Each structure stands twice: as structure tokens, then as C-alpha cells.
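Look for chain A in each of the two complexes below; its partner is chain B in the first and chain C in the second.
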Partner chain A sequence: MSQSYDRGLIEDFGRWTEFSAGMWAWIFHKFTGWVLVGYLFTHIAVLSTAIQGSEAYNSTIQGLEGLLLVRFLEVGLLAVAVFHILNGVRLLFVDLGLGLESQDRTFYASLVVTGVVVVASIPTFLMGKLA
Partner chain B sequence: MSTGITETDDDSTETQTQAVGAARAAGDVYSEMTSEEIEAANEQSRRRTRELVEEADHTVELKVFRFDPEVPEKEEPRFDTFRVPFSKGMTVLDALMWARDQYDSSLTFRHSCRQAVCGSDALFVNGKQRLGCKTQVADLADSGVPETVRIEPLPHAEVVKDLVVDMEHFYDQMESVEPYFQDEDTPDGLEEQYQSRENREKVKMSTRCIWCGACMSSCNIAAGNNDYLGPAAINKAYRFAMDEREGDELTEHRLNIIEQEHGVWRCQTQFSCTEVCPKDIPLTEHIQELKREAVKSNLKFW
Partner chain C sequence: MSERYSSFEPKGTRWLLQRLTAAFLVIVLAFHFMQLHFVNHAADVTFAGTSARMSQPGYFLAMVGFGLTATFHGVNGVYNGLVNQGLDGIGRRAVKYGLVVAGLLLAAQILRLAFTMAGGSIS
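And now, the complex of A and B:
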């Protein structure tokens, strides 16, 4: 063998249209996990600027909730969290060796449930009822 | 033409191909032919191929990955297109062989038993790792005959030539789990090592592995981490770790191999391997079971 051809990593994510359920579940789980880690730090950073008293806290929260962008981001955060929880439970069952033959259907189920929860939460979040 | 793969094949092609083969065997016959005669024979053969394709009720277009570092025209990887007459029951391997025999004898791919036992012809067909000999061309379309079939060498392995990949790394990983029975002790009064039916059932699926490398190629983790044992090797380890005929000491030794840093814990349960395995081995299930065994042997509260 004089030389061989290494096609590199391009084919990994260049072929995303051919990914199957388990692969998507893995990608989404990684993605939502990182988003949640990012949120955790932002959460601590922002709220630590509002610990002088109840007034400071309320004005910070109300200021944030007054922004439409923040309310959209909250819907996104809920979606990310719900999917991560549901898929986490799915992975727990996979680790226990239960229901491995229906792993693709449980992934689709967690997607659907996430969708339903997110849609149901839209009135609460977007109308700013939490503020 | 030994396969008789197409129903459109008639005796005349058979004779012609055999004649050319005989001429090659004779060796010096070609040198006696003038270049015009060789060109005429080639043209006749090309015309015959065209006729076969035109006469066929259905044809399928193969898009085949080509690469050969030793031939200047093939140094740059490219796809070649071959139109092949479809016949009922035709597998991807059959189609490839037809293309090789009729269009381009330099088309290179591994195959041997043609019945999904030898594990030589794992290919990347229409974006999925499959055995060429086990994949029906008709199954690649929702209904009828597919328009095109894209055939590439296995991803995440270096291509040696056309559809042939370097399997050395895969074999190294397989050998590293010591895939052979090691206990020589026989129970008292017995000449053989008796295995219970239940235990045989337990390891049954894992013994089916044909070392084709489809799982390893599909695994996203193995792609980015050459130290990872990979699904096939872990499945091999499962086959022996779960075999009750081997003593406790050996079983522990096997668990030590699979629970090393790049053993079972690298598996991220993407199920890619389970989905592509041509022998339907529940690879992810076996890996998960070994993970639990590894935890159990390390945490002894009871």
C-alpha cells in the first residue's frame, strides 16, 4: 500500500440528513446540556447583582421580564430543560437495559411531549404573567 | 459471469466472456492480435453491454466511489456512474460485479462468500453501512427499482483503493479483547466443557459477529477516538465475559479489559452500531450490560 485516502471528518456532520433517531437524541442531549450549563452561569451572574434586597431583586426581574426577547428566551429555556429531562430519563432506562428496542420511539415521544409542554407554556411566558 | 446475475444474460455473452478469458489465460494470444483487432473486440463488448442495458426492463444507476493512488487518473477521488440492468433478487454486490465485469475491470471491492457470512463486503450504500451481498437493490427504493444507488467505501476508515478500506485498525481492536476461549479446565469426569442451554442462549447473538466492520464505521465515537475499542470488539468481549465456562479469574480479567478508559464507558448509546449490524446483534444492549457488570464488580455493597 503506497498511500491511502483519509476522507476526514467532513462526512460526520455533512451527512446530518442521514442521521437516525439515536444520533439525533445524542446531539440534542449534548446541545441542551451545554445550553443549560450556560444558563446556570448566567442565572447566577445576573441574580447575584440583585441580592441587596427585595426591591433590587424585584426591579431586576421586572426589568428582565419587560423585555420581549427575554420572554422568548424563557420559552426556549423551558424547551431545552424539558427535553433534557425527558431524554435523561430515556437514557436512564437505556442504561438499565430496559426498552432498548423502542429507543427511537421514546426519543420521538420525548420530542412530542417537549413540544406540547412548550406550546402550553407560551401564553404564560409571552404575556409576561410571571412579572 | 459465473453469477448468472441478470436474467437478460444469454448464452452469447457467456461464450464471449469465456472466450476473452481463455485468450487471457493463453497469454500470448493478445500479443498476436493487432491493436485494431483488440479495439474491435472491445467495441463489440461495449456494444453488447449497451444492448443489454437497453434491452433491460429496469436499469439502476450505480454511483461508485473511485480512488487509486497508483493511477494518475484516479488520484483525485471521484464518482463513476454505471448503468446496470436490474433483475429480480439482485443485490448491491451483484450489481457491482456486473459493473466490474461489463464496464471497468479495475473496479475494486472485497467480496467472497456472497451470503453474508464472510463479512468482506461491508459498504456505505445510500448513506448507510450495509453488506453488499445482503442488501437487495429493490429494498433501496420505496417501491420498484431505485433510480440511483450510491456506493462508497466504509466511512471513518482509510481508503486503499475504490471501495477497499484499510481494516488493520479494526482487527487490532478485535484482537485486543482476546477473542478466544482461554480456560482449559474440564469439569471432573468430562472430556468437554459443557455449556448450559441458557448460557448458550445468552451469548447466542453475540457469537454471530462476522467482523465486517460496519458497526465500527457507523460509530461516531470510534470515528473521533482511535483508542476506543468499538462496538464489535466490546461485543466480542461480551461473548467471552458472559460465557460461564470460563473461570471467575478470567471473567474478571475480561472485565478489566472492557472497563479501561477507552472501553465500554466511551459508548454514548447512539445506537448507530445496532442499526447497521447486518447480523442484527443488539450491540448497544451488550455494551450496556457490560457497563452494569463493570459497575457491579467494582461496587460490592452486598
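And now, the complex of A and C:
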């Protein structure tokens, strides 16, 4: 029987300077997970305007997409989703016993790739608003 | 120090399902983002376009599978996160059944929405 990993209390924010890369990865994965599950419920609620008819659906989507704030929130959502995907793949490998010894580097790589994907996607997400 | 870093019980059903759904979601979430932000821009989405895509059996099944899998993964992830933070006793049971109800309601709404978007028939 394996033991649990004693990560200490994350509620003790005074410890944050002592957090390792693995701890930050754990915190970021939980945070992005909460954001994504919240977004899932919101997304389905917005799309459910389709049940009222095509007019309601079209005006809701186009009304939201017409807001610059929504475009920036979508970029934020992309960042959250990409990090959660990359870190999730990292977790899958760690769970399979692969890459535990290089988990710091793979966490930093996840952050860098997330940053690159998000920056490269900004023009597409803001198209029609700023570009 | 341990040899195991996962917060799930070793080889538990929830652990396995969370990993299996994750593997599926990695692919389909990336596809969803590509399809609705890059191939088709979100600002250009209309009911007609959505309906046309959802009328394709493969796309319909992928999106329904995506929605239902994401619901399970999200709800199971929230439950695990809270248990991991020390949730126990009556609170744990209340959260468990609350999340089950929320997940089932969302799943039902996803199915209802998917059939509406597909125009009630898959051609």
C-alpha cells in the first residue's frame, strides 16, 4: 500500500515562497479545473438559448462576441484550458510512472507552451474587435 | 516522502475514470477550440451553422460525448478536490449528492440542447 504525499496545508499562504514546482502545478491544476467546470455550466446555459429559437441563439452569441471584455475572457479561457490539458497530460504520464524525476521541467514546459499558444492566438480571438 | 503523488485512492474507480475521461477530453477539447475559434470564428457562429455541424452524426456524437465526459470529469474532479481538502462526514455526503444532481441536470440539458441544435433529427 502506498502512502499519501504530505504536501502540507495549502491554506497556509505564508508558505507560498517554499512551494515547489510540483506544488504550483497542483494548485494551478485545481484552479484551472474550477474555472473550467464553472465555465462548462455557464457555456451550456448560454448555448441553451438555442432552445428558444435561432433568433435568441444568434443574438446572444453575437451580442456576447461584440463585447471586447468577452474576447479577453475567451483568451483567458484558452490559457486556462491549454494549461489544464498540458498539465493533465503531464499528470497522466506521472501516473504511468513516466517523468516523475523531471516533473519540475515538464511543469515549466507546460507554462511556456501555454504562454506561446495563448500569445499566438490573441490576434484570432480579438479579430473584428481590435485587429 | 512517498512514491505516490496522486490525490486519488490508488487504483480506485474514480481515479481510473478521471484518467480515461481526461485522455478523451484532451483530444476533443483541442478539436472543439480549433473548430469554433480558428476554423470557424466564435463571432461568426450562427444557429444555421451550428445546426449544420450538429446534423452530422460523427460531429453530433463527438460533441455529446464531449459534453457528457466533461460533465463527469468536472464533477468528479470537484468532488475529489474537496475530499482532498479534508471534506468529510455529512458535508461530504451532501456535496456528493449535490454534485450528482447537478451533474445529471447538466447532462440532461446537454442532451436536450444537442437534439435541439441537430434539429431533432440526425441525417
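The criterion applied here is as follows: the second predicted complex is superposed on the first by the 115 of 131 C-alpha atoms of A that agree within 3 Å, B and C clash if a C-alpha of one lies under 4 Å from a C-alpha of the other, contacts with A are read in each partner's own complex, and residues count from 1 in each chain.
The working rule: a residue touches a chain if its C-beta (ideal position, glycine included) is under 8 Å from a C-beta of that chain, and two chains touch if they have at least 3 such contacts.
Fair warning: this is a prediction, and the values are worked out from it, not measured in the lab.
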item: Contacts of A:R15 with chain B and chain C, given as first, second, both or neither; value: first
item: Chain B versus chain C as contact partner of A:E74, first or second or both or neither; value: second
item: Contacts of A:Q62 with chain B and chain C, given as first, second, both or neither; value: second
item: First, second, both or neither for A:S48, with chain B first and chain C second; value: second
item: First, second, both or neither for A:V37, with chain B first and chain C second; value: second
item: Partner chain(s) touched by A:L100 [first = chain B, second = chain C, both, neither]; value: both
item: First (chain B), second (chain C), both or neither touched by A:I85; value: second
item: Partner, of chain C and chain B, that touches more residues belonging to chain A; value: C
item: First, second, both or neither for A:M23, with chain B first and chain C second; value: first
item: On chain A, the residue positions that both chain B and chain C contact, one per complex; value: 1-6, 22, 91, 94-95, 100
item: Chain B contact footprint on chain A (complex, rising order); value: 1-7, 9, 11-12, 15, 17-18, 20-23, 25-26, 91, 94-97, 100-101, 103-104
item: Chain C to chain A touching residues, read off their complex; value: 1-6, 10, 19, 22-23, 25-26, 29-30, 33, 37-38, 41-43, 45-48, 50, 67, 70-71, 74-75, 77-78, 81, 102, 106, 109-110, 112-113, 116-117
item: Sites on chain A touched by chain C in the complex; value: 1-6, 22, 30, 33-34, 36-37, 40-41, 44, 47-48, 50-51, 53-54, 57-58, 61-62, 65-66, 74, 78, 81, 85, 88-89, 91-92, 94-95, 100, 121, 124-125, 127-128
item: For the chain B and chain A complex, residues of the former touching the latter; value: 67, 69-70, 77, 127-128, 155-156, 158-160, 166, 220, 223-224, 268-272, 274-275, 282, 284-285, 288-289, 291-292
